[in-house]
Every structure is written in structure tokens, then in C-alpha cells.
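Chains: A, B, C, D, E and F, in written order; residue numbering restarts at 1 for each.
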Amino acid sequence: MARPIVNPGNIDFDSAGRRDYFVRFEHPTLWAEYLMPVTVFVGPEAQKGHGVIAIGATHGNEYEGPTAIRHLASEIRPENVRGRIVLIPTLNVPAFNAGVRDTPDDGKNLNRVFPGDAAGSITSKFADFIYTHVFPQVHVVLDIHSGGDVARFELVTSFHHVENAEQHRAMEETARGFGARFTMKYQNGTPGLLTATAERLGKITIGSEFGWGCAINTQGVSMTRQGILTAAIRHEQLRGEVPPNQHFAREKQILVDNSELSCYVNAPFDGHFEPTCYCGDFVKAKQRIGYHHDWNHIDSAPAEVLAPHDGYVICQAWKAKVIRGQVVSVVSRPVPWSN
Amino acid sequence: MARPIVNPGNIDFDSAGRRDYFVRFEHPTLWAEYLMPVTVFVGPEAQKGHGVIAIGATHGNEYEGPTAIRHLASEIRPENVRGRIVLIPTLNVPAFNAGVRDTPDDGKNLNRVFPGDAAGSITSKFADFIYTHVFPQVHVVLDIHSGGDVARFELVTSFHHVENAEQHRAMEETARGFGARFTMKYQNGTPGLLTATAERLGKITIGSEFGWGCAINTQGVSMTRQGILTAAIRHEQLRGEVPPNQHFAREKQILVDNSELSCYVNAPFDGHFEPTCYCGDFVKAKQRIGYHHDWNHIDSAPAEVLAPHDGYVICQAWKAKVIRGQVVSVVSRPVPWSN
Amino acid sequence: MARPIVNPGNIDFDSAGRRDYFVRFEHPTLWAEYLMPVTVFVGPEAQKGHGVIAIGATHGNEYEGPTAIRHLASEIRPENVRGRIVLIPTLNVPAFNAGVRDTPDDGKNLNRVFPGDAAGSITSKFADFIYTHVFPQVHVVLDIHSGGDVARFELVTSFHHVENAEQHRAMEETARGFGARFTMKYQNGTPGLLTATAERLGKITIGSEFGWGCAINTQGVSMTRQGILTAAIRHEQLRGEVPPNQHFAREKQILVDNSELSCYVNAPFDGHFEPTCYCGDFVKAKQRIGYHHDWNHIDSAPAEVLAPHDGYVICQAWKAKVIRGQVVSVVSRPVPWSN
Amino acid sequence: MARPIVNPGNIDFDSAGRRDYFVRFEHPTLWAEYLMPVTVFVGPEAQKGHGVIAIGATHGNEYEGPTAIRHLASEIRPENVRGRIVLIPTLNVPAFNAGVRDTPDDGKNLNRVFPGDAAGSITSKFADFIYTHVFPQVHVVLDIHSGGDVARFELVTSFHHVENAEQHRAMEETARGFGARFTMKYQNGTPGLLTATAERLGKITIGSEFGWGCAINTQGVSMTRQGILTAAIRHEQLRGEVPPNQHFAREKQILVDNSELSCYVNAPFDGHFEPTCYCGDFVKAKQRIGYHHDWNHIDSAPAEVLAPHDGYVICQAWKAKVIRGQVVSVVSRPVPWSN
Amino acid sequence: MARPIVNPGNIDFDSAGRRDYFVRFEHPTLWAEYLMPVTVFVGPEAQKGHGVIAIGATHGNEYEGPTAIRHLASEIRPENVRGRIVLIPTLNVPAFNAGVRDTPDDGKNLNRVFPGDAAGSITSKFADFIYTHVFPQVHVVLDIHSGGDVARFELVTSFHHVENAEQHRAMEETARGFGARFTMKYQNGTPGLLTATAERLGKITIGSEFGWGCAINTQGVSMTRQGILTAAIRHEQLRGEVPPNQHFAREKQILVDNSELSCYVNAPFDGHFEPTCYCGDFVKAKQRIGYHHDWNHIDSAPAEVLAPHDGYVICQAWKAKVIRGQVVSVVSRPVPWSN
Amino acid sequence: MARPIVNPGNIDFDSAGRRDYFVRFEHPTLWAEYLMPVTVFVGPEAQKGHGVIAIGATHGNEYEGPTAIRHLASEIRPENVRGRIVLIPTLNVPAFNAGVRDTPDDGKNLNRVFPGDAAGSITSKFADFIYTHVFPQVHVVLDIHSGGDVARFELVTSFHHVENAEQHRAMEETARGFGARFTMKYQNGTPGLLTATAERLGKITIGSEFGWGCAINTQGVSMTRQGILTAAIRHEQLRGEVPPNQHFAREKQILVDNSELSCYVNAPFDGHFEPTCYCGDFVKAKQRIGYHHDWNHIDSAPAEVLAPHDGYVICQAWKAKVIRGQVVSVVSRPVPWSN
């Protein structure tokens, strides 16, 4: 019951069995440790550098990952583990405790500081722990996100374009295992992402957006659970049958691409965004997809928000009140699966 | 374009035509006025004490009312108005501006201070304006709410039990005009409600929950627009055909009652609520409707949240993180319509 | 040096001599007292109910009053006092300490709660002390204000219309003693004002606006000092020659009236106010007196702000950023002096 | 395990046995209830209006009361209860949850609003619950306080002067049962106190200061436990032997009085208080009991803080940084016990 | 009307015509872009590396620059542009939106981080954009500042000492074009200044202090407009007559130097600064230029603030309340113009 | 009286006599300087690199160091100084002014950024000043700390293990001069400590924990005063007799070691820590030293906190409310003194 408290470098990733740790990170100012929960399963067929890691709460107010991973931690039977499965339900512990996106202590966005720095501020220490101590143990990285307070999504799995065709194909297949209707390829220009860092290391890496609004999306929890189990079994770290797909059948799954800036519709002024279509809708170029209201000029007509091109509406601003430049809609173009 | 700025008692509710006002309320500390937008339509058949008022943003972070009412303000043609229609898209102006539920200046919840007080703090002044100057002009009161940041709803109209059977029937009919699947009768113990105050004055009064999460619900905007137009036409204040019901057909509409405390499921401890069913589901007594997670004890099993009795899940906590005593679910019992 | 700490009712206003007190008001939550500095001078000719009181920092971030009154406290020689002079340099002690307009403890504006309440919250206790214990001792009340962070003023003295012609004349004369170019009569609809309360008791009551921006205006300090000394001598509480007028000569002094709402120009939207004339300017009706910029729509033309009628610009919004409904300019009409 | 949630008026104070409740108070703005824990023990000899109540956390950051009362809730055996014992470990639930002195929701100090108001803000509702529903059930009221963040105390029990000699004697005896070295009689001018309200109703009422600094004082917890058990047994509500006094023997116990204002030493300016003696010391008039440092004038000598008269130092400011007027020391005069 | 949104490196500085951009900078945590407005005019004579840039709101609460530059953006006719004119009315977009001096997102002062860093936090990205993409296009840099909330100024233009005599002379002439009475040479020890960075690159660089107090100074707006037009015409980027000098004639203009630390008068303690002379006054060494009041010791005499040497008072603390070490006055020595 | 304001590099550490400086550090955003008080005594026997420095307020809310050092600054007679004594009563000036542990401006903990950086943020500048300008002048470094708001301590001096036996012995002797019962050797893994940095430079370096709770501990002030004087005399920088030890006699002094992680007891969950023993107690392995209460589950039994091994309880969490991972107790093992 009382988990051992260990230094970041002192996790045993190799001995057979199940181990539940608290990994200690010195609190920036209190005489205290931040304790990150890490569960390691190792089975008899474990190979060096092979394994699956599932991560929740890279952003502290996204809850489908933590919820599903916590359920899995009690469901996975150690005797069924063939290789290596690592579960980190709440990666950004102080942000999760505070119920906010970024680390309260240093104001950093953990998904912008990879590969991190063990001598940096607390957020960089968390990233460094993953980069230095966890990534070398696994070849499959599942980083479960949601839209936070900002963006409502048609539930999606996601990855970036990678050059290696085999890696790309494996990522497509792993993504489809979650059962979401859409898988999204998106621009890779933002520095410091967890997933992009893993992809560059050649890992089979999947991100997702499985809910929004700091709520818990029941479908999103289910997809997370299904996707992690499916990945663990297909990638031979867990024994058993792949669980039945409870969501969108393979033939209904759609790969979309929103790598180009033109997919992103920005708010033209501080105002209130009213969507007039739904996430998941297919829209035509110039179709009205929302109104943008300026309450500072109550007698003006609202601005019409138009689709930039044909495509699927993958995401919309969630909270009505948005700032100028905020993304109010993403219209993604369908592209063919590799096979 | 430039609206006249008038004192609360200086609105002309009687002359024919359309008038757009800013009603002035002295700012508590700045040398400034809060300017509440009020639009009045008066037609040739207007009778003393008869009219329809539609109100948005009694709580400042609920946006379906303001959005639909603003659309209606530009859609309603003065020449089609028979009686009296009053539109107040943003009742709690400072709260709406700040994007928060309660008035920032005095910390008050506008929906707890009715009938208000012209000599009280700013929130009480807003209530007094409605009670003293607006209610005497109308017999139909439509107060459009949403679940705020707290509660996700199956979209509902609502009212309380009233003794007068005719008033009750009229409220049922008016509520059904919005097209929501559910109409909710709920406990009337909370003091200071806008709607309960209107009901006690014998007004045909409808509340609603047409969205949540400080977002804009597209269905909720549509229902608000349909319901206000339908009420205005049916109650003979507006000319024309009742608009077609774009939502739930009359025979699919359900009246539910959650007046009893046993309908409300409270969180047993500070934690994270994970729903395992959906708003609108019919559940059986003792059925599991969610989990309640305590991340302070990560290795404990989550608590099961059970339905207290058979009924429809009308509402669930929206944000995952809830405090002890927070309502995480409301299970309402179906009851027959009056006719 | 160490001032005695006394209860509000325990000040000696009658014995001859000078006494410096700290008046104690129980802190709302700390085990502490707020200590209000009060200095009382009593001379040999003191009469019951006659005396001059000068008050600073009714709003905590207005500094000309406190500064000039503190200088006077060391300049007035007890042997020159004929009647009764009371000096309260910092009336709202916690607001002055915090450097903010309103009382931090209860959020109240001290100049809106008169006559106060000894059993109310701390702000009401301060008002009650003045109303119950100080007003009965004096017949001349000088309440020195500034524009705070909100409004820049052409330096003015002020009072409201009173019915009693003698009182009115005495107020005009006392006001002119400060040497400001303008004396302002303004609307008396705001409840709870210190000065209006004193006026209704028949006191010769003067307000002022002697600076702005939480700064110290050198002219304003000089006018305050001159006006208090002049009032004390003219009203026979202090011996000596009336000090020479260092500011505007009697024939240059102008009485203006801005009792009507039409004098107040409100911001039509949240924006930035750019004045294009100066406080003290005489402007003609419809003359452009400023621009109002909306940076949320950077490519729109700024709105022109026009004078509502001929008159003097007495005040302008100080900080550029203003909210909708804020007073951005006051255009006052000149009116004749009583004699 | 799951406590029933009841309305304030629905506690069963009469049936024999033990009952653990959560008493519900509607949250001011969330769709939630504040749940106050109340435990009632009733034995076979219970009489109307007779019983002992022990209350913790009237101020939310005082922890000895909650801690000891929680221990007692698991130690008291229902079969040993003769009359009526009521335990409320955390009276001000939201303040306790937040770890602050006053109620966060309305900023009120619960120990200044008695007798409360069921229609007032949340703090007044808590007070009204005690006044209306609990006080009629008991004749002995034990309200366990600490010095909060403000004041370090030599641990004391306390009460005010009451006219009824029998009540006074009973209060002395009950106070001595806690074992503290000092019992303090103090000024009764502050309105709204829980204890003064109970005293006026003729209850045998004891307050205390059993720790400080938002910490848990081990001695204070022990005294609280001992004092409550002793009171319950002596006042015939609990069976058994009075527990042995683990603290100060009867003959070492001292009654002190600090009803006069002269006992309170106020800080002469905002500064840092350095005590040079200890709580519990007997000091002589004019003896230096501390220094008061002004770091804004680093090269000035610190002010000496002197004892106003002979007496015991019962309390000192705890945090070094104090505001002008804050109580930095209380020097209490010893007075004889009634018998 | 809808400005194109471009990356920092994608501005067209070369094609003839006028272009209005929003330059995008990824928001640190929202799914949003900060959109910086940039207007580029290019005429037929444009030469590589030659042009004038005018910048406002390097600090977000200084408004004369943004106001005048916005006016100029609508006044300058593209057909009159000979070379290259770049207008950035609000450089620090998030600080301007919030109405505060420094960037809210990372707490950085944009005028301390030059030359910036494209991989740094948001403030460094803004600086890098100017350094990397804008400076290479221009040889004249006009950075319009004000005193913010801190310092009231006699309106001045400013630059630092540079070794190159020709650059120095050109800067003097360009500075005089604004019409301010004073031009100030000041210490160049502070790292990271926008202007010092431009000066080191050999640019003709002018700073200014054209207002204070987060207000809009009408004279300051006029000087900004005049100075930018004059510079653009004199430096052959704009056709037309140099506008007439509406302010101080050339022979009344004074060059002052406050490079030495002795010019700066620091507050000796936390207190309230009362100026007793005016900005622009010539004062003699040891002359009293203000009082410094300590309200924590109300009965002490205020400290006298003395001029350190003969010179002009160029600046005074604006807000009365200052901290120990704050600059309360700058006394600058007059020095001869180069020619 | 008015201290000269100097740059960090301009202190005269060599000329005989006493000098009181304010060392200037540019304020990050105001036009102001932070002024750090530094007093230098130099006597006739001063040698290069030899001297004693005493530092207070490395953390801004620890007051025993500032208080005692300020007393010493007025007690030490320049004519008694043989070598060099440097006194810095408040090292982190902005944190001390704000009464908080870390620098408010940049959020940094000054005791984590050594050796600092003159071009870094303000906290790094303070550290750099000590490292670059002060450490080269002295061979004895006394850094007086307290437990802040977090930890109550049995008063201790402290140092880390150093390899040099002579340095180690000298540190033991210097530590014992303060008279504390315990001297603590602790883990040296935390980067950026002032003391560890000095130790690595070969300085005789002593830390301490002489109070807690933002209060002033009378014993702690006395130990600080005694220890600094003793060190100055023993290390031949001050003339005179070593002051008599007013605290624990040499034979009662105990050296303890808590370098191992097992000495630190972390809170297993967010909760309230109740100590059941006292700081300074010797406890046995597995002995209960406290309870840990979870008020979120009021009916659960509190967790027992057990001693990890035999040893002295040197420290306990002070404030009751602690977060998971916070150090609630340190149990240190006694080890022999070097001689």
C-alpha cells in the first residue's frame, strides 16, 4: 500500500513482476517532494528497449488519460504481461493536483519543454525523467491528451508525419486500435512536444484528444482503455485477445491532415464564438461554420466564420469567449491511409 | 446606432415601435455607469400587463440566451409585433463582461437576490429593475439559463410546481414550445430565484438549462430561438406561424420531477467524478452511474456512484474535479403531463 | 510622541489646547485595531457645535488632502486657535495604507455609506464616527478629494445645490477661498456621500477635486492648505490674516453646474479615450473633444467624442483604457455666483 | 460509513444511540452543499436542554479542536453515554477546507456573527444553526480556539465575566478541568461571539487558546481531550472516572483578567515585533518585554515595548511582521478564583 | 479588412505598395496566436536597408505611441511614400491588451531582452522579430515611450551617447524634429534596451517619454505624429513638406545629460513623495525639490528632498507612494548641441 | 545617516573603519533600485581573504538572522575590530520586504541559485554579488536561517560533510559556539545552496535553523548573536572575550547526521499532520511520532506516522496542513564529534 519513494534514476524496469513507485522530484521551495506515480509491469519475454508506456496528465486538467490508466493499473494482471508495460497516470503531478494545464510552480507547459533538463526548473525535470529514464525502455509511446479548457474535439488519435514508412504504418495501425473515427496528422513545427520527441527517436508514438472542458468524457475513457490494451497486445507486451472495438469500425475510420496553416481558423477579434455546425461534420469551402459576436458593439451584426476549404471540422473553440488569434475551428482534409 | 442611456424607471413600454436602450446603473466605485441593453417592441394590440420578456445572462457565463436573443433582436420585424416583446440579452452586465457566473463587484448570485433592492448593492439593483419596472409589463417570463461551469445537462426547460392549474398548464405548453426532450419540475426551496418570483406573481414562467461549460451549445441556441418565437406567437404578442419544431416531437417530450432531495446525488468526498452513463439515460435504482476517484489515495479503488431510484439522468457534474457535497448527478422521475 | 489610543466616543473636543489621538476601530479579523489619527485644537472662544473640520483620504488613494492637512498639523499654533479645528488627515486608514480607493476589508466605498452604522462593517463604522461624534462639534466641513485613478480634473472645489440661501452663499464664499478657477455644483442623486450628509445637516460643506492619478499635485496641496486656513480664519476659529490667494483671483473664478445628466459623456464601448482638448477649455456644442479607439478592430476609424453643449471641460477620463459607460468627459455650464 | 445528509433542523437529538450526520447548507453559488459533520450521542439519562457540545474550527485554521474532537469521536463508547454529547469537529467547513480563519465565500468571521441568521450569507447560516438548533439541546458549551496565524498564547481556557455567581463558579471549574496553567477572563465588548452568546443564554461556556500558527500543538490537543471528557463526566453526560490531569495541577492554576484595555499593548507602527520574554512570564510594570523594529529606517534604534503594569504575559504577536495597532502583547493581572 | 496572418519571417518589405499584416507568435499555452499588427509602406525609391520604423507599446501601458501611429497609418498616402516606412503601433501585444507594462505571460520587460531569442519565451520572440526581421530593413528607428505608471516627465526625446559623430548629429536632428523642449542623453548601462541595440547597429535611433500614468497625453500624441512625419520626410522615405513645428522652437530646445548616477535622486525609505517644484524647472544645488513623508510615523517631520546639483528637473515620481530606492527625481545638466 | 548608494563592485572592504552601504541592484521593472544594506568593519590586522560574514534573510521570511545582526551592527565597536567583519542583515531585500520566502519578482529561491549570475534575473544578481564580491574577502561564512512557514526545528546549527578534515573540525567548533543543543550534518545533493558553495571554496561555513513560522524566536536571536560574536573573536577578527554560552553546554551538545534519505518522513497523502512527540525527543524505530489525518474521509482512522529508525526528532512540519510528499519529520542519527 505504501509505495516506495525513489529517485528518478532508480526505477527497476527489468525484474519480472509489478512495482508501484512514487518517483521523487524536489519541490522548488517547500521542504517536500513531488511524488509521481509510476507503475512498471515486466513479463518473462521483456526485451531491452521494448515496451509500451501510457501517459496521462501531461497537461494537468485533462482527465481521460489518468482515469483510464488508473482503471488499467488495477485490471492488468501481472501474470498476463509478456514484455514491459509502464503506466504513468499523472505525469505533471503539481498541475494535476491544481487542476490546471501548466505547472503552477514555474508556469511552464510540459508539452513544450521536451527533451527537458535535469538541472532545469521542475517542468523540465519531469520531461527529462521521461526522456532519459523511460524512453530508452520502450518502443511504443501513448500520450493521452484532451482539449483542456480551450478546444472541443471530435475524439481523435494523432501523430505527425514521419519519414520512416514502417514507423508511419505502425503508428497508423496503433492509432486505429483506439477506435476513434478520426486520426489526425498535424503540423510538427511546435518545439518541445513529448510525442514529436518520441517520434524522432523512432518510437511508435500516438497522441490523442479524448475530451475537453476539464470534464471526463465517457467515450474518451473507453477509447483510451481499448487503445492501450490493443497496443500492448499487438506489440506483444501483453497476452490475450485484442479487445473488441467498441467504437468506430475500421472502414468508418478516416485519416485527416491538418498540417497546413490554412486549416486553422483564427478569431478575427476578441469576441464570443458560436458554432453553427458540429465537430465531425464535413463542410464545403466558404460554408458558414460559425458566428463571431462582438458584444462591445451590441448593435453590429456578428461576423460570419467560413470554412477555408472542404474538409472535416475536427475541433472548435470550446469556451465561448475567445481572444483575437485563438483557433476557433480546424477544418482537416481527408487523406488516404497507408494501406 | 448610439443607444440612449436612460434611468431604470424611464423606459417607454407603451408607445408603438421598437426602442433600444442602455439602462444605467451607477458603478459601485468607478465614475461610470453599467449599461444594460434592453430592447422593447410594442405593437398595436399591446395590453397593459401583457407581454413576453426573454432574459439572457442572469448568470454571466451562460451564453445560449444572449446569443439567441441577440439574433432575435435583429430578426423580429417591428411591423409583425402585435403586443409587447422585451429582450434583455445580458441581464448581469458586469458578470457577462467578466465571463463569470456571479457579479464581480459584490460577489452576489443574481439568481438568489430577487425581488432585489434599489438601494442595495449592484446585483440587487439589477433584480429590482426587473421586479419593479419590467415584470408589471409582461405576463410571460422566459429566463434562459445553462449549467455554467458546473453541470452538464440533457437540455431542459423547467419550472416549479404552482398551485394554479391554469398557470401550470400554460407553463407546460410554453415549455414544450422550445422542443427540448425534457421539462423539469424542481424543488422551490432556494430563496431569491428570478423564476420563482415571477411564478408567485402569476406569470407564465419558464427557465431552462440549454448548455454548459461556458460554451455555446448550437442546439441550445436553436431551442431558445424557437421557444421564444413560439411563446410570443402563441401568447399573441407576435404575428405569424409558430415555427416548426426542429427538435423533439411532442410525443417524445417527457416531464420529469426532481423536487425531492433524494434525486440529487452528492459527492461523498473531494474527488474526480467519472460518469459511466449519459445525460438522458434511463437508469434503474442501484445501477452504477459513475465512479468517484480519490487521487489522494491513488491505490484505493474508486467509489461507485449509484442511482438512488429509477429515473432519467438529467444532469451530471461537468468538470471532473468536484468538492464534497457537490451534486454529481440528478436522477429525475418521469411524471405525467397535465394534458 | 506616543499618541493615546481612544474609543470613538472618547475624544475631548472641549478642553482648551491641542490633542493628537489615535481613534481605535476593531480590526475585522486580526487581533488589532485600526488607528485613525485625529488632531483637535480648541481655543478660548470655542462654541458648542462650532468649528472647522478638514478631512483627507475619504478615498485612500487621494493624497492632496492628507499631505496638506499633515503640513497644517505642524503649522497651526495652538495659541492662535480661537475656536475649534479638527484635522483628520487619513479618514479611511486601511484604504490609505493599501493605497487604494475603497476599504480593502469590506470592499466598501466610504463616500457611499454615510451616515454609517456603528454596528456595521468597518467602513460604516468610520462614517458613523464622523456622523455621530464629529459633525455635532463643527459647522464647517471640508472634505478634500481628488480624481483617484479614474478622472483628471481641472482643479475644482464643489458642493451641491442647497435650498437655504445663506448656507449656499457661505458655501460659495468658503469654496472661493481655496483659489481654484472653478467651483462645481453637481448632481446630488448618489446616496451616502459625506458632503451631502453634512449639507443636509446645514453645515457649510466643501468638497474638492485637487489632483488625480494617485499622485500628489503641488497646486492641489497649496490650494488645500490655503482653503483650510482661509476657512478657519473667516469662520473665526483661527486668529490672523487670511493668507494671500496664490491661485486664481476672485474675478477669474467661475461657478459651473453639471447637475444634469447631459453634462456627462459616457464611453460608447470598452476602448481607449484620447482627449483632443484640455481640462479647463471652453468648448462649443458638437465640437470634437476626443477620440475613442477600439483596438479590437484596429483597422476601424476611431469614434469621435463630441461636446454635448457649450461649456467648460471640467474633467476627463485619466487612464486611457476605459469601460463602456465610463465618464470620459464632463462639460459643465457656467452659472452666475450668488453675489 | 456513508453519513446521512440532513437539513439543519432535522437532527435527532433525542433517540438513544450514536448518529453521525452531514448537515447540509446550500453552497452560495455552486450546485453543491457544504456538509458539516455533526455527531450526536444520546444516553438513557438524557434530559431536555441538558448536554455537552464541543466545537472545533469556528475559525478554519485552528486545529487543536478538530484534532482532539475527531479522536474523541472514535474513543467515546455510546454505551458509556448517560445524557447528551454533541461533537462538531469543524464548524466552519469552507474555512477549514481552505485552511483560513474566515469563511472564503462571504469573507465573514464566524465568531463575530452570532446569533446568526438563517436567511443571511453562509457564515450567518452556520451561526444560526448552532443558535437555533444546537444551543437548546445543551447546557455546557466548549468552543476550542487557537491563536490562528496571529497570536502565540500560553495555553489558556477563557470565559467572560457573568453576573450569575453559580454560572461563574461552574465555568471556573469546567475551565480548570482542561489542565491549562491559566484561565483568562477577558473583555466582552466584541459583538457576535459564540461564547458570549452562549453565556448570555446561561450556558456553562468555555473558550480556549490551545495553539497558534496554523500548527497542531500536542499539549493543546491533550488539554482539549482531557477538558471535554472531564466536562462530560462532571456534568453527568458521560459515565466513568474523570481522567487524570496530565498538565497543571489545581494549585498551580492561575486565574487572570485582561478585561481592561490597558492590558493590551498595540504596535506603535508597522514593523517587526521581537519578544524579549516568554509567554507565561510574570513581568513588572515598565519592564521591557520586546523590541519593535522599523526596517524602513534601518539605522534607527528599535523601539522598546514595555509592560503596562505587573502581570503575566499571556499572549504575544506570533508572526514577526505586524501592522500599526496590532496587539503585540497582552499582560494580564492575576485575580483570585471564586473558591 | 481581414489582415493576412503571416509568420515573422514572411513579411514583404520590398514590393511597392501598402500591406497590413498580423504577424503570428504562438501563444504560450492556449491554442492561439498572438497577432502583432505591422504595416509596411514601400515606395519606388526604396533602398535595401533604408527606411523608417516607428514603434509603439514596447511597454504595454504607454499609449501616445500606439495612438499617434494608428492615426498615421490612416493618414500616410501610399502614393507619397518614396522609400520604406514600417509602423508597429503595439509591439508588445499581450501587455497592451492587458494594459500593463510587462508581458503577462512570462513576466518579462520587453525593453530588457533585446536582441531577443526566437526560441525563448514570448517576450524574447517579439524582440527577436524586431532584431532579425525588421532592423535589417531600416536605418531610422523611432521607439515611442512614456513614463508608465511610475514617472511623470517633462516630455522628452532621448538617445544614448554614441561614438560615431555623424550618427550622433543625425540623432540630435531627428530628435529635435519632434518639437519637445528637452532631448535627454542618458546612461547606457542597462542591458537589453531596444534603442541601445539599434544604436549599436548604427541606426539613427530615437526614444522618448511622451506621457505618463497610463493616460494619453495630447501634446505627446502631437509630438509623436510630428516627429515621425518629420523623420520620414527628412530621411527621404516620404514626399512632402516637413510639418510645421507645433511645439518648442529650435532655439528653445535644450539638450540635457543625465548619464551620471548623481542625477538620480532615490527615495530614502518607503513613503509618499510630494514634489514642491515642477518638471521642467531649473533648480539649484541643495534646493528643496520635494518632501518625503513617512505615514508610518505620522508625527515625524517629512524628509526634505534636495537637488543634487544645478540642472533641469526632467522627471519626478508620479504615483505618490514609492518604495525605498525608487527614483523620485532626475536632475539633468544642460549640455551643448553638436551644432 | 543617509547611507551612500553604491554599485555591487564598489564596496571598500580594505580601508580601516566602519562603513554602512546600500548596494544597488536595478529593479526589474520599476525605475528604482533595490538597496541591500551592507555594513563593513575593518580593523588594523585585516588580511586579504580573511574575515567573517554574517548573513540574514537569504529567505525573506526568516527573522532571527536580521534581528540579531541588526542588534550586532549597533553593538560592535569599530575600535574593537581586528580584522574584517561584514554584516548583511537582509540579503534578499524584496523577499524580506514582502515577508515571503522567495523573491517575488522572479519567483526564485535565493538558496538554490548560487553561485548566481550578474546578467541573470534579480535573485541571481544577489547571489553573484555574494559569490563575486563578498566571498573573496572572508574565510568564515555564517548564513542564519529558520524553518520558514514550513518546518519547526529544535534549534540547530548545520553544515555538510566536507573532505578536508581541518575545515570540518573548524566548522564543528564554530557551530558549537552558537550554543545550540544540536548540530546537523545533512545531505548535500541540492544544487545552488549558499553554504555548500562556500564550503566548496574552503570557507568555514555554518548554517542554522533558529526559529520557524515567520516569527522571531527569542532563543534563536540570542544564539545568533552569541555565535557570530564567538566566531568573530575565535577567528581573530574581533577583540575581546568569547561571550559566555547562554544555552547548551559543550557536553550536552550533540552532532547528528541526516544525510540519508531514510531520515526524512514524507506525508503519504495531502492531510493534516499531528505530532505526538516533540522536536528534540529521542525516538525508537517504529515508535509512533505522529498521526496523519485525512479530513476528506472524516470517518477513517488517522494514519500512524512511525519513526524510521532510532534517532532524534530534529524537525517537524509546522503548519498542520501538508501536501503529499512534504517532510513531516526528520529523525537524525547521533554521530560522534571529530574531537
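Definition applied: a contact is a pair of C-beta atoms (placed from the backbone, for glycine too) under 8 Å apart; a residue touches a chain by one contact, two chains touch by 3 or more.
Small disclaimer: the values here were computed from a predicted structure and weren't measured.
Under the contact definition stated at the top, the chains bordering both chain B and chain F are A, D. Farthest from chain E in terms of Cα centroid separation is D. Homomeric contact chain C/chain D is classed as different-residue, with under half of its interface positions used by both copies.
Summary of the copy comparison: rotating chain B onto chain C for the best CA superposition needs 120 degrees, to the nearest 5.
Between D-F and A-F, more C-beta contact pairs join the chains of D-F.
Comparing each option in B-F, C-E or B-C with B-D by residue number, the pair that reproduces over half of the contacts is B-C.
Per-chain Cα centroids separate chain D from chain E by 59 Å. With centres taken as mean Cα positions, chain D sits 51 Å from chain A.
Between the Cα centres of chain A and chain B there is a gap of 36 Å.
Within chain D, residues 97, 270, 324 each touch two or more of the remaining chains. With chains as nodes and touching pairs as edges, the resulting graph is of another kind, matching none of line, ring, star or complete.
Every pair of chains in contact is given here: A-B, A-C, A-E, A-F, B-C, B-D, B-F, C-D, C-E, D-E, D-F, E-F. Taken in their complex, chain A has these residues touching chain F: 2, 5, 22, 24, 26-35, 97, 106, 119.
Those residues of chain D whose C-beta lies close enough to touch chain E in the complex are 269-271, 294, 296-297, 324. Those residues of chain B lying in contact with chain A across their complex are 1, 3, 20, 37, 63, 66-67, 70, 74, 89-90, 96-97, 99, 152, 213-216, 218, 221, 272-278, 291, 293, 295, 298-299, 301-302, 318-321.
Chain C makes touch with chain B in their complex at residues 101-102, 107, 109, 112, 150-151, 190-191, 261, 266-268, 270, 322-327.
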